[in-house]
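Labels for the chains are A, B and C, by order of writing; each one numbers its residues from 1.
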Amino acid sequence: MIRFCVLLVLLLPVTGYAHYIPEDAQLEVNASVVATWRSASVVDEYEFWQIPGTMMGGHAWPQEKGVSVDEATLTLGSRINERMFGVIEIGSHGGGDDHSDEVELQHAYIGYVCCDSAGPWVLEAGKMSAVFSPALASHAADRWISDSPLVNDVFFGRDFHDEGVRFWWHETAGVSAGAEVWRGKAYPATDTGDNNWDVFARYQWQGERLTLSGGGWFYRASASSRADHRYGGTHIHTPVAPPGVTATLFPDTRFTGDTDIAGLHAAFRYNPQPHWQLGVEAELMQMDMDGILHDSTGRQAGVDSDQIGGWVQPYLQWRRHTMGLRGEWLSTDNHLVGAAAPVLATDSGLANPQDHDPERYTAFWHWQWRDNLALRTEVTEDRTLPESDLRWSVGVVWSGGLWPSASGASAGHQH
Amino acid sequence: MRKHYLGAGFRRPALIAAYLIMLTGCLEQSQTTVDDQGARVSGFDWGLPEHIPLPREPEDNPMTEEKFQLGRHLFYDSRLSSNGTISCSSCHQQENAFSDGQAQPAGATGERHSRNSQALVNVAWNNTLTWANPSLGTIEKQIMIPLFGDDPIEHGLNEGNHEQVLRSLQAEPVYASLFAEAFPGQSDPLFSDQAWDNVVKALASFVRGLISFDSDFDRGGLSAEALRGERLFNSERLECFHCHAGYNFTDATTDRLTSFNTLLFHNTGLYNIDGLGAYPEPNTGRHEVTGKASHMGQFRAPSLRNVALTAPYNHDGSVDTLENVIRNYAAGGRLRVSPPYPGDGRMNPYKDGFIVSFSITESEIQDLVAFLESLTDQAFISNPRFSNPWTDNSNKDLSP
Amino acid sequence: MGKKRGLYCFIAGSVVLLSGCGGSSSSSTETATDELTELTIPFKAMVGSDPVTCGQTFTGLGTNSASVEFEDFRMFVSNVRLVTDQGEEIPFNLDPDALGQNAQVALLDFRDKADVDEAGAVSDVCISGTQDNPGFKNYLKGTAKLDPAKTISHFEFTIGVPFELNHASQTDAEEPLRNPGFASGMTWNWQNGYKFMAIDVLPVGGITRPSDAEWTGSAWNLHLGSTGCEVGASELDAGVPPEPCAADNRVDVSLPLAGYEPGAYEIVIDYAALVSGSNLNQDDGGAVGCMSFAGDPECPAIFRNLALPFGEEQNTGGNPNAVVFSIAELQAP
């Protein structure tokens, strides 16, 4: 029994598979806060984190030296009636000079289940995360490692919160499958009326010692004049650097076109003995981008991009300690055509003069010190930019239910 | 025993992990290929720094070195005027970055032009030619005006004298070979009925080849004053960069990379003679060509390269120094109290939205001027390639 | 039986033969109506009832009875056509080999005097010219497909250069559009086109401006041309013609023939009627005279007489064309 509970406690935040559907009519409140101290920044102040060979945007802020609150979230969920439930989540993401500590409404959606208490058919609508990729929907509080995977940062701008509708078969007989349609407010789409949608399916098999899960998905976005809102877009700041430092103006290059991303994910978990667990998780994504790059001075060039990347994370868990590694890779193949192609390639970040292959390796040790509180430390060899960087970090994760206070097994942040 | 179990338990996941890691090794080498479709291909050696895009060349007049040299001879040739007194260089002198230091120049008959001679600096990148004409898209079209225009008379070539002028060119022995080299596809470029067309194309090629990108600013050697001036230039307070933007310091720029072209003209609040925004005739700017009220007083922002050499300033040369130009912008326009043309340009209703007043100290004005002076390209004004090729003085401009 | 068959054959055969005969005779009349008839259409520039000549002073012009001498009187004519009473338009094809013409445009030049030197160079055209101007042209020469069965009711033409030619390269153009060449002085480069009609006069007593005591002018110029032309904002290659200009200002003239046979009439242009509403000793602003610019105070009167819209005025009322342009019986030379 204890074994089972420990397993359960450890399983839920890691997989995020247990899609959060409030059972009780009572209001449930969960919260999580992640704070991390890092020994170095990826890029200097007044510089941009632009990985050569990629177009970035969304919330893919670079890691900064010092303490930062990576994330703070508060989730409220309630069962409205027999069939319907609602979830609201507010939170903040760290990173970004002007956008840190901004509290936003991240989720606000209503769900309808049919016809048991948790499905299997579920219809959800509102502002929410996507569920096609479990890792994409996860937050720093759920992951072993504080940094989100590289492919998530590059392809999706780190996270995905959008307004849309989801209809799916929910976690029954090990199967979840469905489709989502989005408004396009999340990177890499723009909110211009064209359809953004995805389909997904996954399967989970659970044995006595072994758990296997895997799935695939396909996401299509269309964008019109999409900017990198981390540094550009309609609200560009002319950076004012102190004396002796030059600050460069961010080139505001836009993208208009379609982005197709397909992915496969898998997770394997094995309990050879009580208190021990081994696991490997991985996700592979491939992106195809086809459209036009353009900027405000009337220059444009056709762009055709094929990028593929992924991450693999093997780990070993003993009681409350987890140690592991995550290796991340990205390979980009971009073609630009047009008189302005050379200058737009440089401005947009797609230029890759050194044929650089971004990689990142992180080793971590995660200690679930208390039920609600965890400590972790990581060492990262960051080769996302041509100059590689070694940094280490120490962080704290607090994640728990606030209300009702008597929830023991509830492990906090869920979605 | 435990160890044994652990070993066995490890093998399978370790294999899977290794397999997945190996799978990612299938990832190919990253690369980005760029195809600029010949954007840097030209029959002419422009000699531009790498980051400056090539200018447009008309399809019917691609740039060649031979046309450039022929045009250079014609540019400095005062036989191209009704009475032999005016050449292009009369109002476009190399030492003044091809302007003439006058408020308004006079033509062959002494008739004064109502507007200031513009400096011929990087004209190849201008999206329209002259101060305020949205219908002149190429240098070839613009050159027809000083040569054949009658209002005002500049070179004064007309119905009665064009044949005689052409004959005087034909009598010059140097031209026979220059024309033949510049137009190798034609059988008799100087004597056929294409002769005038060739003259215009050669002159346009010379003007197109006058390039200037070698100032202190380009080489990165700015004084502390000029650096402060640059900050002011790019600041949100002054906003000079909104109209004088980019590598040529003007928003009226087009190059090979531009796929669409926006004609930009700005009213800077210099005049307001009737209290309703009117500029004095005939210099009503873009309105003079289009007739639209909203275009009253709109002029093209000229390039600021070499601006320190092109006084006096503005379309009619009515502002004598750079400091006064800056003071007009600081005031949000020009208040003229005494004749001619009194009026409060600051209240001009057609003023561009960026011309709002700002505060600036005298030392800041000096810093800004220092920055503008750093845009002077000494090599440009002394480059023998752009200077008078005629060895004797008989074809030099005779007018004072 | 055999006899009857033979008779039928004979009848059938003769019918075939006769129909063949009938067919050939009808085809010969078809070719007659396919022929092109050569026509020369004379134009006459007049001041009231006096023909325009260089070096002569004409009196009684305009609102203040000004006296003037001519300095220039030229016009581009295009799109010439004969219109039947059924409304069918028969194009008049300009002869490209005739003086001052190409297949699309003709340049009429009513300046009859000039000075010609030994080398054949022409100077002092109209003003102080003493010899005949070799470029003098007061006719259109061309061909048209005339069908005697059709009655021509109207003669129509356009004063102006067609749009595509109006903004093309001038040094490279086919005469009479070449500058320098026939079109010298008929160009309006900085509006990027040609002057469709240029009639410049030198009023006796000069020209004054009521609002400016120090201002004087000597020539009252009437230049008709397209205004408000801008280079296309989307293209800037090789001086691509601009977007359609804000004001075309091409005059479409339609004159009823009133029964005149081809070759028996001439087209009259009356300068006095054209400036009937203008004061030729005065200019209130803009260019001296009227150069078609929006806002020029001298243009409304001219444009009214040309039945051309100007500014707010549509100028479609009445038929001023019948006053400025008219058809008269060809006078014997």
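Here, a residue touches a chain if its C-beta (ideal position, glycine included) is under 8 Å from a C-beta of that chain, and two chains touch if they have at least 3 such contacts.
All values reported here derive from a predicted model rather than from experimental measurement.
Averaging Cα atoms per chain gives one point for each, and the point farthest from that of chain B is the centre of A. Here the chain at the heart of the structure, going by C-alpha means, is B. Computed centre separation for the pair chain B/chain C is 40 angstrom, with centres defined by C-alpha atoms. If each chain is reduced to the centroid of its CA atoms, chain A and chain B end up 49 Å from each other.
Note on chain placement: the centre of chain A and the centre of chain C lie 74 Å apart, centres being C-alpha means.
Contact with two or more other chains is made by residues 254, 260-262 of chain B. Counting partner chains per residue, chain A has no residue touching two or more of them. Every residue of chain B that touches chain A in the complex is listed here, in rising order: 2, 5-6, 8-10, 12-14, 16-17, 20-21, 23-24, 27-39, 51, 53, 234-236, 246, 253-254, 256-262. Only residues 119, 121-125, 167, 169-172, 178-181, 184-185, 187, 189-192, 227-231, 233-240, 242, 246-247, 285-287, 293-295 of chain C touch chain B when the two sit together in their complex. Put simply, chain B touches chain C in their complex at residues 56, 58-61, 127-128, 130, 133-138, 140-141, 144-145, 148-151, 157-164, 193-194, 196-197, 199-200, 254, 260-263, 281-282, 288-292. Within the complex formed with chain B, the chain A residues making contact are 52-53, 238, 266, 268, 270, 272-273, 276, 278-280, 282, 284, 297-300, 308-310, 312, 314, 327, 329-343, 345, 350-352, 355-358.
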